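Shared between the two complexes below is chain A, which has chain B as its partner in the first and chain C in the second.
Right after this comes the complex of A and B.
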């Protein structure tokens, strides 16, 4: 070995050692990635096969004959478009209403002074500890009594009361320096203008978190829509897909997986679109 | 009509007085500086004028209008915050023009006024930048631009230079003066830096934290020259001036019909013109004690044959054209913030250390070292006298 190549090797040794020491981390991360991705790949693989092929090896992920027949049947033989539309309306309306209500409530808790503020906030936080399943029966009875069962509002209104968003908004708004709001006051702003023009833009990442989590929750929720909606025309996409299995004597997995694939698209698009805000929002407040 | 009139103003927080009986009348176009140490209530007073704090008692008039209950947004005052408080999601242009937008001005008018202000502050090339992409000095200019674009009745500035480095601070001081003389808007400026106060203010209010028995925070409200040359009390004398005044407890001794000041081993005979009855009476009330103040620049190397005292230098710093020299006197020092409202004040001073470091600023390139013995002189006419029981000035020079 020449002295030059020896020098080169010595110079690169620390970097090499670092790579080797990180090997277990890379292996661990790869295993987790495979475990997370496998169901998605399996779903897509099944959706792209002929439904007549009932069984295939779990390792056979690339179909020999790719077909879109399941997708054709999905939109011609089922009410998938209607279900998607219902889900989109419910999830979008809930997300928009929730982000408006939660940000207003969060601002009140973060900045305004009123009687029993701390107590009310404590009660809200305590409400987060109650598992949603516990409230299903009283929720159903309440909505039935006011005549909202079997309407989209039966899906939208209950979720608006879930206080996690208020907590998130309050925490995000509490980090905004008071001086910014004072400067806005002197610039002629009312309390609402300060909220609208100064505070909301500064908590955009937290707003994105509330929108995405609300949208996702409403999109994938199955239990409550099954209880609250029995009218076929109002079924959401999760209820619709689950009924596909129940209505057939033999589950048409190709069709179901095609439906699942379609159901995932809006969520995936929303996440990709808001990813930057979402990641910032998840870490906001962790560093000064 | 005065621009701002503050009458008997008080502010309490949970039973604690922050401001008490503050009376200030500020004329149109004045540059008023509120100066004082931490906790003296200067920022609170500024925030009260801005409408960001409620008034516990007293009255505040802005432009002749009783403004106690007027909301901040309706006062037509603009404020530059210590942290600048620029809106981080807006560009420089949007920051400066925000108040105009809220006021409903047309886009063209906003654009014109923002450009005018940006040009006057040298911000034209930065209008599309966000605050995070600006240096400290640039941010400060934007904050000033945001204040002046509205043509307010009053500018309020809360330690706007404190985040800048020393060199930039000096530059910005000059710019502030130029801006004020160009715009002529009444300005109230808060600082804890007495150099800023003396160099910027047309008048300066020296504030002190309110003690248990203090009557008011305002110790003196006067021009910088008056504050420096005729301080009302020990607090003002000690706070204003850099390096600070030497303040000591001394004895007034009558020797052969003439009065002498005795500070341990340093004795200075008072000229006949300075031997007032008021001085003798004040000393008589305090067992012969009196508080004296001497500015470091008023101590000099004794001229041959002059009235002088010999002392040994304890510390020496050569600073080019002058030297900062320290020596000791065997008499207690009086802290500038000493509470003269307590009982038996001079006896409590006597209970402390009796060895005091005195600073002198000696002109010229002297070849002195620590432990050298020198002959120094204090011009008696430049000595400030204060009552040892009240801390108030007694016919100062």
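Right after this comes the complex of A and C.
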């Protein structure tokens, strides 16, 4: 052994020791991660096997006879395709409308001076604490009176009033240097042009946060869609799955797991491609 | 009036006022869509809820003014009493456990020599994105009598089959476990963001003074993390007052009404029994509860370091 490689080895020994001393932590977090993810693997595995076989070993995760039979039944026997389409429409429309509305309002709070600014902002912040169940009765009566119950708009419009996005947009826009806007103002740009041409492109990541969190919230929501949608063909994915009677003793697990797999696909994709956006969305509230 | 006449007297001030009015108008144009939806779907309904709580009836029976009758009905309603009891029990278990577990996970993962940190973080965070409908269904599947995975595992260690949903306590624990599964990753990510912000020098100084990891946790990590803990505690209180999905999917409020959350109670009174007035009174009480608890927490727990 050359002296050079010996010093290299010596230098690496503390690092190795450190890793060994962290072994209990690795074991602990690995067990937790496996426990937390295992049910999703189990879901996929059940969805992909012949549903006549109800009894299987918990270790037997990879079915020997992978089949799409459950998905085939799901799309032919239930309204799953409608449900997916409805959820997609509701979540996408809400996200796009909301990012427009919230970025406009966020700009006003971050950059413009107007009367009652602090008061209005305080009201919006306070409204974030109100559980949706508190306003569910008047919201239902209102939407029923204007004939929107049992339409996608009953799910889209109320969500546009949730103020979290305004808060996020204000935070992001407050970090843009004033000099950029001053220069544009001297060039004779209107306030709207400054908002549209200068501010919006600079806060693109925050816009993505609002779009993604809104989409996710609408995709997973249950209480309000259960109240507002009773027509089977107009249900969202979550309401559809909740009507599949998983609590009954003769539940069709293959079918139910196939449905849940469908509900998880957009979430899995967003998780893989846009993970950092919802992590920032969540933590920006906690750090001033 | 005063401002106006003063403005008329001097052309310069006149210009200033016009500018002020104009900039107010522009700002309110930017705000208009958000304010419109806020008034129609938040502020308006909030006031209507309070007003409706003094009316009896529903869609089929019509509304009639009844004073404080709804509140008196709630006071003597056994089901409402059960709802409060369940909510207290649920809060006492879920809030400390979800915060303690997520903080512990965050502290473990914050160790600077751990590799693959992002993988573990992402894996544990993943369930908090899933629909509660899916999490509940998966849990129902795993506790399913005879074929359920959890009972199978318990059988391996010779524990007889647990009847998860037939006793009030076990049904409550079932809901707690699902909510823990969803919540831990969420709070863990927030705690990790708070931990990263703690200056490294504090730990180095403590190490020189001979403080071990446990001492460091109590004397540095916890005090430094106070604003984050306050934030997470308030979030946990607000979120858990909204408990509905797991109850709807797993227990349906049972057995014997022992797992009825407040949101469930509002939902079933309003849309199953057409008691919209009674539901509004419950909503008003829920609003008061959330507001006052949050106010107390903000007052008691200082949010600055």
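Throughout what follows, the second predicted complex is superposed on the first by the 244 of 288 C-alpha atoms of A that agree within 3 Å, B and C clash if a C-alpha of one lies under 4 Å from a C-alpha of the other, contacts with A are read in each partner's own complex, and residues count from 1 in each chain.
Rule of thumb we're sticking to: a residue touches a chain if its C-beta (ideal position, glycine included) is under 8 Å from a C-beta of that chain, and two chains touch if they have at least 3 such contacts.
All of these numbers come straight from a predicted model, not from anything done at the bench.
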| item | value |
| --- | --- |
| Touched partner set for A:228, first chain B, second chain C, both or neither | neither |
| First, second, both or neither for A:202, with chain B first and chain C second | first |
| Contacts of A:187 with chain B and chain C, given as first, second, both or neither | first |
| Dominant contact partner of chain A by residue count, chain C or chain B | C |
| Which superposed partner A:173 touches (first chain B, second chain C, both, neither) | neither |
| Which superposed partner A:130 touches (first chain B, second chain C, both, neither) | second |
| Which superposed partner A:155 touches (first chain B, second chain C, both, neither) | neither |
| Complex interface listing, chain C residues touching chain A | 23-24, 26-28, 30-31, 33-35, 37-38, 40-46, 48-49, 52, 59, 105, 108-109, 111, 113-115, 119-120, 122-127, 129-134, 136-142, 144-145, 147, 149, 152-153, 181, 184-186, 189-190, 193-194, 197, 227-228, 231-232, 238, 241-242, 244-245, 248-250, 252, 262-263, 266-267, 270-271, 276, 279-280, 283-284, 286-287, 290-291, 294 |
| Of all residues in chain A, those that touch chain C in their complex | 18-19, 22, 25-26, 28-30, 32-33, 36-37, 39-40, 42-43, 46, 54-55, 57-58, 100-102, 104-105, 107-108, 112-115, 117, 120, 123-124, 126-127, 129-142, 144, 157-158, 160-163, 166, 191, 195, 216, 219-220, 222-223, 226-227, 237-238, 241-242, 246-247, 249, 251, 253, 256-257, 260, 263-264, 267, 270-271, 275, 278-279, 282-283, 285-287 |
| Chain A-facing residues of chain B, complex | 50-52, 71-73, 75, 77-79, 81, 83, 85-89, 98-99, 102-103, 146, 150 |
| Contacting residues of chain A [partner chain B, same complex] | 177, 179-180, 182-190, 193, 197-198, 201-202 |
